[in-house]
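Structures given as C-alpha cells follow.
Both of the next two complexes hold subunit A, though its partner changes from subunit B to subunit C.
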Partner chain A sequence: MALLKMEEWYDLARETNWTPSYASEEELYPETMSEDFGIPLNVWETFDEPYKVSYRDYVRAQRDKDVAAYSVKAALARAEFFKNASPHWKALLALHFSAVCWAEFHSASCFGRMTRFGRAPGMRNMATFGTLDEIRHGQIQIYFAYEFLKHDAVFDWCHKSSKTENWIIISLRHALDDIAHTRDGTTAGVMLNMGLEQSFTNLQFVALSADAAKCGDHSFATMLQSIQTDEARHAQIGEPLVRILCENGRKKEAQQMVDISFWRMWKQFSALSGIGMDYYTPLEHRENSLKEFMEEWVIGQFGRTVEAMGLALPWYWDYLKHDIATFHHAQQIGVYVYRATQWWRPIASVSPAEREWLEEKYPGWNDTFGKCWDVVTENIRNGHYDKTVPAPPPLICNMCHLEVSGVAGGEWQPVDYHVDLDGRRYHFCCEPCKWIFELEPARYKGHRSIIDRAFDGTIGPELDDFLNYMGQSEPERGVCGYDYQWIDGYDTPVAAE
Partner chain B sequence: MSDTAAQARFVGPVMRAGEIGEAVIEAIHEDNTDRKIEVEEHESYFRVKVEGECLLTMATVSNILGREVLVSDIEMNMPSFEGFIRVETEKMLFLSK
Partner chain C sequence: MAEFPIACNLQGDYGFKVIVVDEDDTIADVIQKTSDQLVGVLVAPFPPDTVLKARIHGAEEPLDDDVTLKGANILQMAALDIYAEG
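Up next is the complex of A and B:
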C-alpha cells in the first residue's frame, strides 16, 4: 500500500483545536502561560509550519543522526584525541560543555511550555519536535562530555554547574530565565527562537565546528553540526509567530521581544564563543575571528532575516558592531586574571604570535587590550604571579552579570551606566543592558548580583568564602592552563625590579 | 525592505561537507539554472547562495546520487540555511521574504 504524501494528510491531522466545554478558554490557556496579545484564536490557527515533518520521518531522521554521532569507534578515537589535545582546546571543551549541556534542558522546558500553551495547533506540533530535540541536545552533550570525566574532573561541571552560584553560571541562568522561563509560551517562543536559536546557536554550533574540524576534533565537529540540524528545523517556529504578531497590530511588541532577547543572548555568546574562537582555539586552527563569524552569521544572515520579516534591526545595531570587536577581549582579561573563580583552567593565549593574529583581526588591539596583557606578561616574567590577580572584585552588570568593562589602554573608554531606584544603585555595562532594565524595573530589581551578595553579607569576607559559595572546592578553582609557560615565547626575563 | 533589496538577497542551505553536501550543490545548480549562484567553502560546511529564491528537489538530488534521497536526508546534513524555508515531501524551497 502506497503511503500518502505528507501534504495530503497534514492539514487534516493538524486540526487539534476544539471548543472546550468543561473548562473555559481562559482556564485552558491562562494568560501568564499563554499570552494571546488580543489576537483571536482563529487567527493563531493560521500558523502554518514553514518546516513540516511527520512523526515517522522525524523518528527516522533522529535515529540516523544519533547513529552517525555516537559511534563506538569515534568514542575510542575521542578519548585518545582528548589525551593529546592542547590546554587551549581542553579549556574550550570544558567551557562549552559546562555552559551548554544544562542550557539545553532549559530549552526543552521552554519548548514544553510552547507545546502545551501554544495557541496554534501548528505551533504545538513544531514545539513537540523541538522539545524532543532539546532533550537530545542535553543528553548527547552530557554523554560526550562524560567520556572525558575519567581523564579530567573538570567535566563534572557539565552537570554540576547549573546547580551552583558561580558568577558565570548566575550570568547565563539570569539571561535564560529572562527570555525562556519567565515568559508566557508565545513570548518565550519568539524570544528563544529569534534571540538564541536563529542567531547565536549558529555561532557556537556551525561556525565553531569549522574550528573543531581544523583542530582534528571531528567527533566534536560532527556532534555540533548534528545538533544544529535540529535547531535549523525547530527554530522556524519564530517566523510565523512574528508574522502573526506583525500582521495583527503587535509589531511593536514583536520588535521589543527580539531586541531584548537578542541583546541578552549576545552578551552570553560574546563571552562563550568570543573567548572560545579568539583565544581558546589554537592559533593554527582558527578559521575566522569572532568578529568575522559574527559578520557572517549574525550581522549578516540574522540581520537580513529580521528585516525580511518586516521588523527593524534592533536600535543598538551600530553599537553591536563596535561591541563585537571589544567586549569579549575585555571579558577574556577578566576570566584570566580572576582565574580561581572559574572551574576550568583558563588560557591567556597572548603569546607574541597570538598577539600578532589579534592585532591583524582587530587593528588597535595591542594599543588597547594588549596594554593590560603587557602588565600581566611583565609580572609573570618577573615571577610576580600574585600580582597577576587583582585584589578588588570587579564591577558586575546588574543585567548581563558579566564584568563592566570598557576599552583599555590607548583608547580608554570608561563605562558609567547606572539607575538609582528604591535607595540603591544598579550598574550596567552598556546602554542596551540598562535599557532592558528600565523597560521593566520591577521584573529585575530584586535580583542580587554576585557582588551585591558579597557586600550584603550573603557571602563571607574571605576569598575562600567566596569560592566555596560558588561551589568550588580547592581542586575546582581555575589555574593558568599553561602553568605560565606561555611566557616562554617572550624574550628572556628582564631583571626583577 | 524594498523589492530590489529582497531580490538581491541570497538564500539557500548551509551544508555539512560530505557526499550529500556535494550532491546538494550540484542539484541546486540544476534546479535554479536562471539564477545567480555562489558557493562559500568553509572547513566543515558549505554555504550555497542563490539570488532571490532557491529550489532543491529530491528528484534532482536522488538522480545525482543514484539512490532515493528524502528531505530528512537533507535535514541531517543541513545545520543552517538563509531565507525562509518551506518543506514538502519532494522539495525544499528557500524564500527571500
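Up next is the complex of A and C:
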C-alpha cells in the first residue's frame, strides 16, 4: 500500500483542537499558563510553522544524528584529546558544559508548557518536538561532559552548577527563569525562540562547532552540529506567534517580548560566549571576534528577521553596537581577577600576541581594558600574586547579575544606573537592564544579587563564607588556568624589588 | 561606627567596586580607602601630586573632601566616581 505524502495528511493530522464538554475553555487554558491576548481561537489556529516534520521523520533524523555524534566520540578517544588540549580549550569546555547542560534540560519544561498550553495546534505539534529536542540536548551534552570527570573534577559542575548559588549561575538562571520558566506558553514561545534561539543559540552553535573542528575537537563539533539543527527547527515557533500578535493589534506586546528577551540573552551571550570567543579560543584558531560575529549574524541577520516580521528594531539597537565592543572585555577582567569565585580555571589570554589580536579586532583595547591588564601583568611578573586579586567585591547589576562595568583605562567611562524603591537601591549595568526592571518592578524587586546577600547578612563576612555559600569547597575554587605561565611571553626581565 | 557599603569606580578601573567605609568617614577617607584597595591592583599608580576627587555618579561637581557621608546625605550603596582633578 502506497503511503500518502506528508503534505497530503499533515494539515489534517495536526488539527487537534476540539470543543471541550467536561471542562470550560478557561479551565483548559488558564490565562496564567496560556495567555491569548484577546485574540480569538480561530486566529491562533492559523499558526503555520515554516518547517514541517512528521514524527516518523523526526525520529529517523534524530536517530541518525545520535549515531553520528556517538560514533565520532567513540572513534576519537576523547580522553586522549582532552589530556592534550590546551588550558584555553579546557576552560572553554568547562564553561560551556557547566552553563549549557542544565539550561538545555530545563528548556524541556518550557517547551512542555508550550506543548500543553499553546493555543494553536501547529504550535503544540512543533513544541512537542522541541521538548524532545531539549531532553536530548541536556542528555547528550552531560554524557559527553561526563567522560572528562575522571580526568578533571571541574566537570562535576556540568551537573552541579544549576543547584548552586554561584554568582554566574545566579545570573544565567535569573535570565532563563525570566524569559522561559515564569511566562505563559505564548509569551515563553516568543521570548525563548526569538530572544535566545533564533538570535543567539542557533548562531552560537554554528560558530562554536567551527572553532571546535579547527581545534581538532571533532566529537564536540559533531555534537554541537547535531544540536544546532534541532535549534534551527524548533526556534521557528516564535515567528508565526509574532506575526499573529502583530496582525491582531498586539504589536506593542510582541515588540516588548522581543526587546526584553533579546537584551536578557545578549548579556548572557556577551559574558559567556564573548569571553569564549575572544579569550578562551586558542589564538591560532581564532578568526572572527565577538564584535564581528555580532555585526554580521545578529545585528545584521537577526535585525532583518525582526523587521521582516513587522516589528521595529529594539530601541536600544544603537547602544548594542557600542556594547558589543566593551562589555565582555570588562567582564573578562572580573572573571580572571575574581577567579576563586569561578569553578573552572580561568584564562587571562593577554599574552603579547593575544593583545595584538585584541588590538586589531578592537582598536583602542590596549589603551582601555589593556591598562588594567598592564597592572595585573606587572604584579605577576614581580611575583605579587596576592595583588592580582582585588579586596573589594564588584558591584553587581540587579537585572543581569553581571558586573556593573564601563570602559577602563585612558578612555575611562564609569557606567551605573539606579532605581530607588521601597528603601532599597537597585543598580543596573546599562539603560536596557534598568528599563526591564522599571517595566515590572513587582516582578523583579524581591530578588537579591549575590552582593546584596553579602551585605544583608545572608552570607557570612569571611571570603570562605562567600565561596562556601556559592557551593565551592576549596578544590572547587578557580585558579589561573596557566598557573601564571602566560607571563613568559613578556620578555623583559623584571628587577626584584 | 557603622559599616557603610558604597559603590566606587576609581578612574581607570573597568567597573564599580563595593567599598566598605564608615558613615562618619569623610569623602577624603572614602577616596583614600578606595585607592588603597585598587591602585596597584587594577589601576596604575597616579602621577605624583595627583589630587583625587569624588562625585556622585552622573553629577558634574565634586563632593567636598571634608564632608562626611552622613553629612552629605549619601545613602548606602550610592555610586561615586573617583577621579583625578584637572
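One rule holds in what follows: the second predicted complex is superposed on the first by the 487 of 497 C-alpha atoms of A that agree within 3 Å, B and C clash if a C-alpha of one lies under 4 Å from a C-alpha of the other, contacts with A are read in each partner's own complex, and residues count from 1 in each chain.
Everything that follows uses one rule, which is that contacts are C-beta pairs under 8 Å (C-beta built on N, C-alpha and C of every residue); 3 or more make two chains touch, one makes a residue touch a chain.
Being a predicted model, the structure only gives us computed values, none of them experimental.
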item: Touched partner set for A:427, first subunit B, second subunit C, both or neither; value: second
item: Subunit B versus subunit C as contact partner of A:113, first or second or both or neither; value: neither
item: Subunit B versus subunit C as contact partner of A:88, first or second or both or neither; value: neither
item: Partner chain in contact with A:371 - subunit B first, subunit C second, else both or neither; value: second
item: Subunit B versus subunit C as contact partner of A:392, first or second or both or neither; value: second
item: First (subunit B), second (subunit C), both or neither touched by A:214; value: first
item: Which of subunit B and subunit C A:234 touches, first, second, both or neither; value: neither
item: Partner subunit A, residues of subunit C touching it in the complex; value: 5, 7, 9, 11-20, 34, 37-38, 40-44, 57-58, 75-79, 81, 83
item: Parts of subunit B lying in touch with subunit A, wherever the complex brings them together; value: 1, 5-6, 9, 14, 16-17, 42-45, 70-73, 75-90, 96-97
item: Subunit B partner contacts - residues on subunit A that touch it in the complex; value: 5-7, 50-53, 57-58, 60-61, 64-65, 68, 202, 205-206, 209-214, 221, 224-226, 228-229, 231-233, 236, 239, 287, 297, 301, 304-305, 307-308, 310
item: Touching residues (chain side subunit A, partner subunit C) in the complex; value: 329-330, 333-334, 337, 369, 371-372, 374-376, 379, 387-395, 403-410, 412, 414, 416, 418, 420, 425, 427, 451, 455
